[in-house]
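Next come two complexes built around chain A: one with chain B, the other with chain C.
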Partner chain A sequence: MYGFEALTFNIHGGYLEAIVRGHRSGLFTAADYNNLCQCETLDDIKMHLSATEYGPYLQNEPSPLHTTTIVEKCTLKLVDEYKHMLCQATEPLSTFLEYCRYGHMIDNVVLIVTGTLHERDVQELLEKCHPLGMFDSIASLAVAQNMRELYRLVLVDTPLAPYFSECITSEDLDDMNIEIMRNTLYKAYLEDFNRFCQKLGGATAEIMSDLLAFEADRRAVNITINSIGTELTRDDRKKLYSNFGLLYPYGHEELAVCEDLDQVRGVMEKYPPYQSIFSRLSYGESQLLDKAFYEEEVKRLCLAFEQQFHYAVFFAYIRLREQEIRNLMWISECVAQNQKSRVHDSVVFIF
Partner chain B sequence: MEEEKKEIDFEIGMKQNQELKLEEEPQQQQKQVGDEHVLRFLDSVDNYLTLFESLSCTLRQGWLELVSARHSMGASRVNSSLLDLKVHSASTSLQVTPDIVDSMEEQPHFILRKWGSLYDGKCSYEDQNSKVDGLQGKSGSPLPRHRGKPQLSEEISPKQAPLMVDDQVQKKRSRSLSVFGTLVSPQLRAAQLSFETALETLVEIANMRSTMLSTFNGVHKELGVAKEIR
Partner chain C sequence: MVLEKMEMFLDNLQPMDLMRSEKMSFVQLIIPAESAHRAISYLGELGLLQFRDLNADKSPFQRTFVNQVKRCGEMSRKLRFFKDQINKAGLLSSAHPVIEPDVELEELEIQLGEHEHELIEMNSNSEKLQQSYNELLEFKMVLQKAVGFLVSSNSHAVAEETELNENVYSNDDYGETTSFLEKELRSVPSNQSGLRFISGIIPRSKVLRFERMLFRATRGNMLFNQAPADEEIMDPVSTEMVEKTVFVVFFSGEQARTKILKICEAFGANCYPVPEDITKQRQITREVLSRLSELEATLDAGIRHRNKALASIGYQLTKWMNMVKREKAVYDTLNMLNFDVTKKCLVGEGWCPSFAKAQIQETLQRATFDSNSQVGIIFHVMDALESPPTYFRTNRFTNAFQEIVDAYGVARYEEANPAVYTVVTFPFLFAVMFGDWGHGICLLMGALILIARESKLSSQKLGSFMEMLFGGRYVLLLMALFSIYCGLIYNEFFSVPFHIFGGSAYKCRDTTCSDAHIAGLMKYRDPYPFGVDPSWRGSRSELPFLNSLKMKMSILLGVAQMNLGIILSYFNARFFGNSLDIRYQFVPQIIFLNCLFGYLSLLIIIKWCSGSQADLYHVMIYMFLSPTDDLGENQLFWGQRPLQILLLLLALIAVPWMLLPKPFILKKLHTERFQGRTYGILGTSEMDLDMEPGSARSHHDDFNFSEVFVHQMIHSIEFVLGAVSNTASYLRLWALSLAHSELSTVFYEKVLLLAWGYDNIIIRLVGLAVFAFATAFILLMMETLSAFLHALRLHWVEFQNKFYHGDGYKFKPFSFASTTEDD
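Right, the complex of A and B next:
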């Protein structure tokens, strides 16, 4: 019942909420990013990070550093924190935390299947998988020839099994079918996550419905823009949009027929929360759209911490940490490529 | 008598001047030809350096766009482990044909053919005609050598040809990016175009280098001739 979580939440969730709020205070501020942006080499970045919570993860890395190494080690920190919270969590928080990693599981499944289609070594592909998305039988994905086998041999025993009901076919896996599979799985996952949060009720349902709706809307825009000029038909494009969100259903109808970025802008500007995002872009410009969406997401994630006694803080922390890792990746690449003038193109400040 | 002497001296002087002019004309022509070689050499050096700078800018832009695509799509979608290891024909090939310049030297003629892999027996090429002296000093029969399958003639009307070629090129571009998925971000497509431009610039650089070396040889020869005359 909304409003009475204060009476009972701390019995099972108090410790972990305190833990996650402590982790949140370790996120980088604008001053930290300014220091990082002034680094001349990757070793300078490593030196700056050694004074932060990432220090223990990078201290044993030999020079010369690579940008992928920095991202990999920083991700390990997030994974360790997540695993600690998961092992301490009780139901329903443990299920909620599991939902937070299903997106990475979907990405890993698609990575393995795509790499196998391109005759890559499975071990090489496993090394590239996101650690949050690993599961026991993931290596067995390489033996499947079509989606039916994929489901029957491997995924039936995983949490992704319910999401396959909409995309099981006997067609052989090719690049287009894999892409449709990826987006169909993610659509089913988001809808399932939304239903779970609604069932929890209270502040969790209210805050998570806003965050997941934004995620669904952003995916719809990205699918639209990325499918312009491809062989994906309008009907297939529309099938990939989630069945919730601010844009559902009328925005989706209009997005499905868009043929260029300016038409997408015309659709999105009818919705006040997205009008501010597209107003910052000049006509025909798509490069800053990602940054604008990330900034809006960060704003909403930070607001989740303004309330207590709900699970959305865990989701928000994981997303904010992933944004921080994306920022570190961008800064490292700009420093490595000696293009520091472009470093502020994609860095999103959290605080 | 004195006037006759003066007239004779004047005529002798005129004849000597004419003889001197006749001797100087080929030297002046030679000097003009030498100046022309030097100017061509300096032009080619300038173009060579300009192209290098252009290549550097294009590559920097391409690499940053690739990073931007990784930032947008995620590292699991844009990484080297997704590249296709299956056997397939090359999308770009370089053809070498002989070309004789001024009946003096035989220089290989390089043609860059992009998106040249066959598709249903038809192919679309974007030729980059260029003259390269990359094999200067090497002897041997200048046989055409190219990776990828040879070009086949197309029986289509002249007006429809450019549109069909553009469509086919776009399809080939999208197909080559499909290793990263069929719904890729605009940044990845922009990176592809940048690296494509960089490849064209590389061929132009090779052409310009050969022109530079060729004109340098011309200048060198002129210097040698000038020394002999002295």
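Right, the complex of A and C next:
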């Protein structure tokens, strides 16, 4: 329902909303990307970044720079901003902000578990984790042998615990069921997040339901495409779809039976918002799908800033910043590997 | 005739310093590439030339000297690294002015590289040593603490066993697991072989979670013992001291062992094997201790060596930092220059004050000479279309006042500068609101302290508040002096009147003074010579008298200052040769203001001089409502009524006068100028060739009548309404002054005198303390601030809106002094 948010929002949320809008204005513009794409070496990129908000984070890096350092430092900036906002936030905004990082937590759990399965060094794995998704006992994930142990030893202390109710089995971990675990967790997470946002009501509920529905639908499509040709049964596949979103429930029925990409396309084109995404792809092409989805997402995230007095701006900002860092990583990689012709392939302009 | 004489007189006036900003010239430099660096750095030392960025469209890494800028960035990174290391080592980077030959940048770069390499190597060495030292230290602690647990666990083992047995009997649900344990325990009587242990050390903050995790992983089949370590251990990454806890875990089974080891690894706990045999323990402890002392010696030597190296860097660090900063500034400036067609010369454009041209010329010649260049640097003045920057040559006295004006807006180029008048009017208006010579003396002392310690304070870094105070020390000084002056006029010293200038003019009607409050006092001699008569104090008519005085005074001051503002607009118009503004803006404005409020001021003065009892409110109000009516007892002078009608008519005429003619005349001028030309001006080919790209954009002024008219309308309405509201606004002088004197009276009478009434030293002291506190914080700090703000507002709004555009931009010369200050 529409409350009188404008009346009371600023008491607790006004300062942080101002902060986040300030951060948003620091996002790269098309001109910045144009300049970055013209860089010849990573040093050029550093030089360009030193004139932006990333400057202080990169200024003390010695000169032969690596893509990973750039990405790491830029992520550090996002993390610092996030932590600052979290410190300042009061309920329910602080819970909302916490929700924003659960996705990274799930990814990190999966990363560590997969890594240990393949007998990687735990420290090495920890370095690869996204700093937003870190929690205290993450390193001890390596101890667990199966889902039940994973839950009982480590995750019961984390906010992810409730999401595990679906996937506690005593089977030993393998790649397949880790992937299923990830998607089940994600499903539970998205549904929970959505419920939380609906509970908040007002513009937050409205905008977040749109953003989360998009996220859920995108995951549904990705799950479908990735599970084509695997031993995942239709019913299992359907179980991984989140129970909300534009595709729910009829689209899910149809996606569950898809056997190739063109069928997926056929399903998706029935939904006007996704028609434009798929109509841009030629038949049988899935490479550009990711980028198309990202572009659509960025567009929606930017729209979140058009309204005031709601929390979705925080979610949108974190997502946009992540997209920016992804862009930066891609550009840096292209520059570092002398593949400048491919620079534009994966960069999603935000403004 | 008179007008002409006036014009003559004004033309012959000496130009006032600071009244108009410095004349600026737009200059072009053509510098041969070989002498460019030297020329720019000399110019940076001179600091009188502001370069224009000719490469604004290029991104930073596409510019010519990007590599040098990058190298400077890299060098300053190294220097920051050194500084960081020096701070971490706890050395002071004292800037000893070591007289050393200036090093070249390339040399410095190599030196810095060497130093950095050396430092990093030393760091990694000492890090390795530190790590092994830490390990040994931890081992030592584990040995010390764990031994205790091992001994006690042996003695408790039997008790534990019996406890377990009891559990079995009391609770059958646990039957299976416990009996299994029991079996194991029984089969191996000496629990050492079945119960194994791992000992280690872990940061204290993680202990709780660690223990919980162990408990969960082994399903509770373990015993966790912990003891805080005696010493703190340095964390090699953050170099902070960390408190750690020694633990010993007892458990059974191989699987549990691997699990526990994994958990230890995950929590960053370091495990050290402790032999169970006591003799062996002693032996190992001895070994560890001897190796520890050895390592300590090596570490100390390493640290001494490192500190020595750092100290030698520290001597020159500040110098190097300045040098790198300068070099970077030079290359950043060089990046603003263009290469000419032949690629042999650099072309720069910029602004400089006209008086500095000779200096710059001379500097450039020196640069040419010093760099042994064959070709001189060409320096010539060009025409510019954009308006020049504003530059006032201020000194430390006028600077603060100029800052007050600039905070509102930087003056348009060569516009009349209100700072000239602000120097006096600002402290004066402040003092009108803050009139108390006791408080004034306090302020004066503060200001004098700041000024006396000027040379000391200016060299050190101050906090933001202190810096503000220090920056405004001369403003403070003048404010204090003026408030002493105004305080003498108001005759207030911490709200107490003094008989400084002789006795009061009034005395009681009889000797008992019993009816002083009812019948009032009697005047028996000449008025008090300076300021307010002290007898007003405490009398029944004190407030009405002072209010009337201050209110009228405020209006007089306000009208005077506003008139000054309008007159300055005349000088502006004259200076820029804008007769239209004089005739259709200045003249009606001055007529309007003076017909209404100038007349009021006149009435006030007449009333003061004549002692008439006329009601000025009544006169002013009925001047508008019924100008033809007889004034009756309110008549102040002969012919007042016709004069009022005349003034009213003049004011009424002045409104359309300032509204209508100007836009129509502008329109006429415009149509005349573009008579028969339906197309815009084409850029002549000569112009295109002559101009460097971007140096002179031809600006095309479109004339839009409705816009001009609306603008004029807004301006006129603002002035007409403003005349009323601004005059009323000056009444804040009275209000603040009243508030100040009432507040100080309250603190004096209700706190100090009240407390003094008691014959108790404690109450008196408390009263004195409260009075001093209130005086210092409320009257001296808060009231100063509020009076300051109101004076600021009167200047920014009421005074400056009459003439000041304030849309210029500041002259920011390229100068090393300002680049090194920025840090």
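Going forward, the second predicted complex is superposed on the first by the 349 of 351 C-alpha atoms of A that agree within 3 Å, B and C clash if a C-alpha of one lies under 4 Å from a C-alpha of the other, contacts with A are read in each partner's own complex, and residues count from 1 in each chain.
In the analysis below, a contact is a pair of C-beta atoms (placed from the backbone, for glycine too) under 8 Å apart; a residue touches a chain by one contact, two chains touch by 3 or more.
Just so we're clear, the structure is a prediction, and the values are computed from it rather than from any experiment.
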- Using the superposition on chain A described above, determine whether A:153 touches chain B (first), chain C (second), both, or neither. second
- Thinking of the overlay built on chain A, is A:122 touched by chain B (first), by chain C (second), by both, or by neither? second
- Message: Tell me which touches more residues of chain A here: chain C or chain B.
- Response: B
- Task: May I ask you to decide whether A:114 touches chain B, chain C, both, or neither, giving the answer as first, second, both or neither?
- Result: first
- Query: Looking at the overlay, what does A:100 touch: chain B (first), chain C (second), both, or neither?
  - Reply: neither
- Would you check which partner chain A:290 touches, where first means chain B only, second means chain C only, and both and neither mean what they say? first
- Query: Which partner does A:47 reach: the first (chain B), the second (chain C), both, or neither?
  - Reply: second
- Would you check which partner chain A:182 touches, where first means chain B only, second means chain C only, and both and neither mean what they say? first
- Where on chain A do the contacts with chain B and the contacts with chain C coincide? none
- Per the touch rule, the chain B residues reaching chain A in their complex are 60, 63-64, 67-68, 70-72, 74-77, 79, 81-86, 170, 174, 178-179, 181-187
- Item | Touching residues on chain A, where the partner in the complex is chain C | 35, 38-40, 43-44, 47-48, 50-51, 59-63, 122, 136-137, 139-143, 152-154
- Message: Per the contact definition, I'd like the list of chain C residues that touch chain A in the complex.
- Response: 59-62, 66, 69-70, 73-74, 77, 80-81, 209, 213, 216-217, 259, 262-263, 265-268
- chain A residues within the chain B interface of the complex: 68, 71, 107-108, 110-111, 114-115, 118-120, 124-125, 127-130, 175-176, 178-179, 182-183, 222-223, 225-227, 229-232, 286-287, 290, 326, 329-330, 333-334, 337, 339, 342, 345-346
